[in-house]
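Below, chain A partners chain B and then partners chain C, in two separate complexes.
And then the complex of A and B:
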């Protein structure tokens, strides 16, 4: 495809590499929204991102946060979200590299928000085959930060995290920070007063070709980083199978196209929000009747 | 006696070994290697364990082995008293080894396609998929012949290490953008394989086939 002209998508920060992926002095060629970009690592914490191919090259803004390198093609981008858990000293902070997923970015966000699939796709880990009910939860559009939240979510989980010693009723909070980023807070097995913070930031290469980054800030004194990464990657590669099999890959915003149930309340809120911001990139155009 | 497996959950080659250990009912210790993104299999510490920098590695009572196919042969040779998994008779031994080598050779193109699509490996994806399809074709034709003869396993009347070696990268094909639509005999065979006692799936193997 050519570079998107959708101003809503262009004015988002998206990841383009994970910190550590590129050696100092080296560069990585990748793509965002159909635009070829080159990510050069000029110093330990310093990156330079430039466009190439097509129009005359230009340098793009860069920031390194949450284990990722972010850039944007827009002139007036929405700010990156604040996630204070990443600044807490005792947290285990890690990314999981990046995983390719051939679908639209919104399908990845919706899957992350969905609790109904836990018992079927993540059987014996995030859900049990005999406890499949998604209990009622609430969604809200927090207008001060322009984010979608799903609150009061609970789900029975046989092995909620690497640190979990047995089944637990896990409390979840979901937070959609932008069309291309989502995170959850889930209560820590060993300390009910704290929440693990697990994010997905999506790099849309093209409309149905994405790279998913999963920064995490975890409370877990026992597990190795390799164990924590392995747990998260194993979950995500279970999701990847169903993600790549969803049709259409582009997201329909016409409410008559797919029939939601009450468990899909967070997805409904997300789609309404996307529709209200009039985003076009990766969206299924309404078909004539 | 202790068995230790240097393992990565998302590796199809490690999965072969985990399946075999499970089928044989063997307990083992697992050493988690951060293959991606950590590239721990290329670290100096791991290169001392396996100078090829590859997973899996198995340690069994002082013996250290690399190569999933070699490990399957070892486990069946040492721990399977029934002789089912590695038949020693002349009619079956050769064919079993032939398909075990096929699993470590031609079939690894499907692994390459998966590494490209899921973990961003830089390689010629169309070439990898074409080679994988050619390998699937060969195995599907073979299993079609087996079906006609009334058999359902790759060699003989019981599952062998040939089936264990071939299963992961056939079943994980979707991760590399390869469908099973053109391979009806592979689908039948996978269905039978999944019904084996102590079978367990791994991430990327759809549970809803």
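And then the complex of A and C:
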């Protein structure tokens, strides 16, 4: 495809590499929204992002946060979200590299928001085959920050995290910070007063071709970083099989095209929000009847 | 697509659609889930769960319901959603229904149509005694496959006859007949499904399958 002209999609910050992926002095060619870009690492914490191919090259804004290098093609982008957990000294902060997923970015966000698939796709880890019920939860559009939240979520999990010693009723909070980023807070097995923070930031290469980055700020004194990454990647690879086999890959916003139930309240709120912001990139165009 | 939407086409061999299985099939660019319950007939549905679009050919069968692998939603033989595991006490609304196509097994072959199915699958005589030989998948259009099939030399004494637009009968004398049905998958891929009948059908099955492999090489070289 050519570079998207959708101003809504263009005015978002998206990741284009993870910090550490590129050696100092080296560069990585990649793509966002159909635009070829080059990510050069000019110093330990310094990156330079430029477009190439097509129009005359231009330099793009860049910032490094949450283990990722972010850039944007927009002139007036929505700010990156504030996630204070990443500043807490005792947290284990890690990304999980990046995983290619051939679908639209919104399918990835919806899968992350969804508790009803735990028992079927993450059986004996995030869900049990005989405890499939999704109890009612609430969703909110927080207008001050323009984010979608799902609160009071609970689900029985046989092995909720690398640190979990057995089954637990996990409490979740979900937070959609932008069309291309989502995170959750889930209660920590060892300390009921704290929440693990797990994010997904999506780099849309093209409408149905994405790279997913999973920065995490975890409370876990025991596990190695490699174990924590391994757990998260195993979960995500189980999801990828699903994500790449949903049809169509583009997200339909017409509520009669895909039929939700109460457990999909967060997906319903997300789709309404996308519709209201009139985003077009990666969205299924209305089909003629 | 060149194949008329209303026409019935063979899309699988009956014996290949195992009990309690769901299988992916592409017909004229349309993705289908061809599945069978623990017993009973083969069903042909759109390969898409009405909930979140997951392919139903990835689904699993329990009893005579097909369950979507993503959230376990169960669909009965009529396509109606019968159970949503996230809400065990909820009776699913009637609006949640898998999109189904007409399906019939005849001559050892599973037939379907993307049209209304009013005409029924082709009538090529009595249904008894046919057994599946094999299915072949070729990197060629259905037209190219049919052209090569009509010209193919199946050996001494074999005569080839076009029965309908996409069905060929190969006769090897009074004791052996073979049907070959060509299914358009898309513009560049086709499937061939062959079934045989006659006193020598069982003993010749392996030899027929070998000849069909040579036919595939012919089609793909054309």
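The criterion applied here is as follows: the second predicted complex is superposed on the first by the 289 of 289 C-alpha atoms of A that agree within 3 Å, B and C clash if a C-alpha of one lies under 4 Å from a C-alpha of the other, contacts with A are read in each partner's own complex, and residues count from 1 in each chain.
Here, contacts are C-beta pairs under 8 Å (C-beta built on N, C-alpha and C of every residue); 3 or more make two chains touch, one makes a residue touch a chain.
Please read these numbers as outputs of a predicted model, since none were measured by experiment.
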> Looking at the overlay, does A:246 come into contact with chain B only (first), chain C only (second), both, or neither?
Replying inline: second
> Where does A:233 make contact in the superposed view: on chain B (first), on chain C (second), on both, or on neither?
Replying inline: first
> Once the shared chain is lined up, is A:121 touching chain B (first), chain C (second), both, or neither of them?
Replying inline: both
>> Quick check for you: in the superposed arrangement, does A:21 touch first (chain B), second (chain C), both or neither?
In response: first
>> According to the stated criteria, A:6 is in contact with first (chain B), second (chain C), both, or neither; which is it?
In response: neither
>> Output check: A:40 vs chain B and chain C. Expected answer is one of first, second, both, neither. What do you get?
In response: neither
> Where on chain A do chain B and chain C both make contact?
Replying inline: 120-121, 245
>> For the complex, give me every residue of chain A touching chain B.
In response: 18, 20-21, 95-100, 102, 120-121, 123, 211, 224-227, 229-230, 233-238, 240-241, 244-245
> What does chain A use to touch chain C in their complex?
Replying inline: 110, 114-117, 119-121, 132-134, 242, 245-248, 252, 258-264, 267
> Can you list the chain B residues touching chain A in their complex?
Replying inline: 8-10, 32-34, 36-38, 40, 117-120, 174-175, 177, 202-208
> chain A touches which residues of chain C in the complex?
Replying inline: 31, 47-48, 50-55, 58, 69-72, 84-88, 90, 92-93, 95-96
